[in-house]
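Each structure below is given as structure tokens.
Each of the next two complexes has chain A plus one more chain, namely chain B in the first and chain C in the second.
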Partner chain A sequence: MTARLENFFNIKSFCVVGASTTPNKPGNVVAYNFVNSFPGKTFLVNPRGGELYGNKLYQSVLDVEDDIDAACIIVPAKYAPQALEQCGEKGIKNIIVTTGGFSEIGEEGIILQNQMYEIMKKYNLNVIGPNCLGIYSPALGIDTMFLPDSKLKRPKSGPVSIFTQSGAFGAAFIDQLSGLGTGQWVSKFVSYGNASDINETDSLEYIGGDSDTKMIIIYLEDFKNGRKFMETARKVSLKKPIMGIKANRTETGAKAGASHTAALSSNDAIVDDLLDEAGILRVITWDELADCVLAFGTQPLPLGDRVAIITDGGGAGVMASDMVSDCNLKLAEFSTDVQKKLDETFPIFYSTGNPVDLTGSATAEDYRDAFEAVYNDPNVDAIVNLNIPCIPDLDINDYVKYTSEFAQKKKKPFVTALIGGEEGTKATNKLLAKDIPVFPSPGRAVRALGMLVDYTKYLRKHGVDPKSIHLED
Partner chain B sequence: MTARLENFFNIKSFCVVGASTTPNKPGNVVAYNFVNSFPGKTFLVNPRGGELYGNKLYQSVLDVEDDIDAACIIVPAKYAPQALEQCGEKGIKNIIVTTGGFSEIGEEGIILQNQMYEIMKKYNLNVIGPNCLGIYSPALGIDTMFLPDSKLKRPKSGPVSIFTQSGAFGAAFIDQLSGLGTGQWVSKFVSYGNASDINETDSLEYIGGDSDTKMIIIYLEDFKNGRKFMETARKVSLKKPIMGIKANRTETGAKAGASHTAALSSNDAIVDDLLDEAGILRVITWDELADCVLAFGTQPLPLGDRVAIITDGGGAGVMASDMVSDCNLKLAEFSTDVQKKLDETFPIFYSTGNPVDLTGSATAEDYRDAFEAVYNDPNVDAIVNLNIPCIPDLDINDYVKYTSEFAQKKKKPFVTALIGGEEGTKATNKLLAKDIPVFPSPGRAVRALGMLVDYTKYLRKHGVDPKSIHLED
Partner chain C sequence: MNNRELFEKTKQENRSWLLEHEAKQVLQNMNILIPPSKLVLKEVEAIESAKEFGFPVVLKLMSKDVMHKTDSGAVVISLSNEQEVKETYVDFMRRFDNVDIAGVLVEKMVKKGLELIIGTSTDSTFGPVILFGVGGVLVEAIKDVVFRMCPVTKEQALGAIEEIKAKILLEGFRGQPKVNKDQLSDLLVKISQLAWENKDFIAEMDINPIIANEDGIFPVDARIILK
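Moving on, here comes the complex of A and B:
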């Protein structure tokens, strides 16, 4: 069975209802997006007629003679029911309504949204929205995000698909991903807003089966159909990781949510168990989300929970070790050969246990030697590489080179934290430019790694070999 | 009684034992620091004699005729006891030993450190170190941090004092503060390393009584004298906030710590209670520390826990509200007048409850109007200002202007989170350049505010009026 959402992405023709000639207005931006990027046919509708970006402006969608696979309605809420009716009449089955002013604003909007619902049923339509950003796929040239590139930068094509109840969350996260590393991150993006029809389960069904999607990021405040969503998640999470935020965790959050997308609160402890049981890796803060993208989007799954820490600062090593424990990871015990190698390689005042503390005397070559020693140790499942770059004898460019080399081997997860001021920031940017996962603190590096290990554990628990999952490339 | 550590800062003459003519070597850097910045007399000692930075190099500290208030010993560990002996003979009472290679490296080092200890007792010396960065005070021109400015940027003079068991932590944090906002942050910095003499309690006694210090940041892995430290903290925390990291929280961390500064682990639940009871605000991750500096260093204490949230994204509002609950804060109920004003000012599809959701239609002026309405509401103790800058009609420069204006009123804490890509980063930098507290996620903004409220609650519990504490200039 084809997931309903596939009808929105697998299209040869698209219509923008409410195409505007005023620069940077939503209807103008979406028209521009499709005319410039969509390889299929684009039709633009504006009652005043004329021309836009070299395309004819049809006065009504009913004037278009060709068949249309999907449309986006970008007209004020009060005109939306009429626009939807005409789309139905025209035989367009898949409609995105980005406009706000429906159930989220109270009584008046609920009446309008109910009108829309009746039309939807009458014509048997698939509807995304209202009150949403709609959909985005850079590889397919599909983009209903009505904010111009000057306001909202678009990430390029990559392994991550995202679906979100909050359009603003989606916009901010898309914007953030565009600036993360090479910016090559997004496969499919879905913002379904009030979820009058297409909801979280439809999104997960499609994205879960999409072969271009290697990992899934979600933002939810409530569930339209929690049971079905969890059932779907249980299947999908055995094939690719699902992670993200389920907000509305608290009564206070629920109160805020109530005036937003009309979300109902749920008992968070139950939600937490359900997410866990369905293999959804839950994060609490926004910062953790981009950290997940970096870790899952660039590194392989670990085959166990035994971590080697390499550091030039004892304190950083202790903080990382505390977080190793918090994340239910273990400090690896090096195999005899590796331990011998470390003891022989380094001066007596380095600490060659785990964490390997290269101290303030560390050079970039010390890091390289330590990486080489521990990377292939069968007792080590993952490496945490901590660096405080201000120490005197460390050549930061060489350190960046060795770090890149090992992070790109991708036999085991290799995560880095660079801590400090200007030099740390510069080195961070150099590494990120190659999509090397680097974090601003030991805790965040370990936590990102912990998420990878959690996923490995989940897979194993359900009889799936983590080696069968290919996250990177 | 004068705190022992005061003897290191209240000085008129200083001697660098181990001044080096090789550029960027530790003994060269410290010599440079004092010759260039210290307003008192600087004496440099190097057995080979000669001259450095226009100052004579004495072959021995015993050759110096003047009295010397304090000295820094920067010679290899094996020569350190002899150097300390000579300083004792010369009558220098306050000695910083930055060199590593003592108790932290095991048996051989312990023997050396014991030798040092005997000399220290013989001459009744105050000793900071060994294995440390020593001390730094930009206003006093004191700087034994042996890393050159090209490696370790120095923050300028400001309200924050720091003491740390880990030198690497200290270096990284100092480096980070130099790039935070205007970089005007540090009053006194103390890295005491192995704490053979001066320890966490000495540090707190001095810094606690230092009138230039408005807030105290600590990094500890263990206590030399936990009971005395907590007693001191209980007194100090009624006058100025103490916050920071107590690492070694877990057995794993303790194992890492054992090979580092020879710290003993403690039961963390007990430590947590003790810190809490002594008014020390504990943070877990590195990221939170700089967030604390921004919040405490720039905003007044709130007089209560009732928070107003203003946002242009519903999801951001929900996440912030969840964190409001996590941090034991409350969403304010606006007073009747303020509620009326909000209802009258904004269109029906804005949400004028709390969070005030200005939606994707928000303009900078909407933010200004919302700030104006809620800032003086007697029912509001603090403001959380959330912005996703990619929305179409928001002029980001005007938004930055209004945010600056209200964050600088300093009658109530006003914290901001800017979420998104390039435009968000630019606006963040503009605000930080004025020391306006701005955070990269709703959660971090609320958590920083939560720390301010926690401190207010602690003060109230102990009968201290939070209005009597002046954090911000």
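Moving on, here comes the complex of A and C:
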């Protein structure tokens, strides 16, 4: 069975209802996006008629002679029911309503949304929204995000699909991903807003089965179909990782939600256990979510929980070790050969246990030698590479070179934390430019690794070999 | 009476919850093993039942006016001879002379063991959900619980049991007997089925405490609250 949401992505023609000639207005931005990027036919509708970006402006969608697969309605809320009715009459089955001013604003908006719902049922429509950003897929040239590229940068095509209840979260996260590493992250993005029709469960059904999607990021405040969502997630999470935020965790949060996307909170203790059981890796903060993208989007799954830490600073190593324990990971015990090699390679004042502490005397070559020794140790499942770059003998460019080399081997997860100021930032940017996962603190590096291990453990518990999961393209 | 009839009877009597002996009948109808018990209306019947079950026994007053039995002194445990049963029965009748008494439940006292809880509630998002936890009556203070959607499969139930923080207690902690997880998971499955199949009737359920001892796993008290 085709997931309903697939009808929005698998399209040959698209119509923008409310295509505006005023630069940077939502209806103008979406028209521009489709005229420029969409390989299929784009039809623009504006009651005033005329022309926009070399395309005819139809006065009504009913004037278009060709069949239209999907449309986006970008008109003020009070005109939206009429626009929807006309789309229905025209025979367009898949419609995105980005406009706000519906159930999220209270009584008046609820009446409008109910009106929309009746039209939707009458014509048997699939509707995304209202009050949303709609959909985005760089590979397919689909982009209903109504904020101009000058403001909201678009990430390029990649392995991550995202669905979100909050449009603002979606916009910010999309913008953030565009600036993360090479910016090549996004496969499908869905912002479904008030979920009058298409909801979190429809999104998961489609994205879960989408072969271009290697990992799924979610942002939810409530569930429209919680039972089915969990049942679907249980199946999807055995094939690809799902991670994200279920906000609205506290009573205060619930109130904030009610005035946002008409959210209703459900008991968070229940939600937390059900997400966990369904294999959804729940994160709490925004930082963790971006860190997940970097770790899952660039590294393989570990085959175990034994971590090797390499550091040039004792404090950073101790803090990373603490986080190893907090994240239910273990410090690896090096095999005899590897231990011997480390002991022979390094001066007596280096600490060759785990963490391997190369001290303030560390050189880039020391790092390389340590990486080489521990990377292939069968007792090591993952490597945490910590660097405080202000030490005197470390050539930062060489360190970046060796780090890149090992992070790109992709036999075992290899995460890095560069801690400090300008020197660290420069090195961080160089590594990120190659999509090397690097974090600003030991804790964040270990936690990101911990999420990878959590997923491995979940798969194993359900009899799935983590080697069968391919996170990268 | 089958479960549906029990729920309907309760509603007809304008009660929103089942008395303990009714709730236990519901459990028994689900083939859940409960400690031997009998609802009696006379002192002499109480003594007879106690002798039949063997001492010690517990006496509990069954009344729609007394929901929180322990708090109201409507549960007396460790009665070890005929005299104590008789005195307790008489004392119940004296102390509760102004309430509507359905009877006195005489129950064989379950040996000490690990106190567990299984409960269900109706979540606005997920419908009937089941809770498993440790602590029995202390559960609200300890808050070591795990939730699942009803109904749960045996596999899910076994998984849920492993999720509690104090799971070490189930492994025979400090000389205590090990908890039979196979039996415990069966109990979770049955209670989740009960909540799911009767979701039109049942709002909440507390099977608390459940005592796990060397003889098995016994629901000692049960409360079913209807919608």
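Just so it is clear, the second predicted complex is superposed on the first by the 473 of 473 C-alpha atoms of A that agree within 3 Å, B and C clash if a C-alpha of one lies under 4 Å from a C-alpha of the other, contacts with A are read in each partner's own complex, and residues count from 1 in each chain.
Convention: a residue touches a chain if its C-beta (ideal position, glycine included) is under 8 Å from a C-beta of that chain, and two chains touch if they have at least 3 such contacts.
Note that the coordinates shown come from a computational prediction; the quantities given were computed from them, not determined experimentally.
When the two complexes are overlaid, the chain among chain B and chain C that reaches more residues of chain A is B. Of the two partner chains, neither chain B nor chain C is touched by A:Gln59. Contact with chain B, but none with chain C, is seen for A:Gly315 once the two complexes are overlaid on the shared chain.
In the superposition on chain A, A:Ile270 contacts chain C only, with no contact to chain B. When the shared chain is aligned, chain C comes close enough to touch A:Gly226, but chain B does not.
Of the two partner chains placed around the shared chain by superposition, chain B is the only one that A:Ile284 touches, whereas chain C remains out of contact. By the document's definition of touching, of the two partners only chain B reaches A:Phe169; chain C does not. Listed in rising order, the residues of chain B touching chain A in the complex are 24-26, 100-101, 104-106, 108-109, 146-148, 151-153, 164-169, 171-172, 175-179, 219, 221, 245, 247-253, 255-257, 259-261, 263, 284-287, 309, 312-326, 330-331, 348-349, 351, 353-355, 357, 359-360, 388-392, 419-425, 440-444. Remark: chain A residues 222-223, 226-227, 230, 264, 266-267, 269-271, 273-274, 276-277, 461 touch chain C in the complex.
Of all residues in chain C, only 123-127, 129, 145-149, 156, 159-160, 163 touch chain A in the complex they form.
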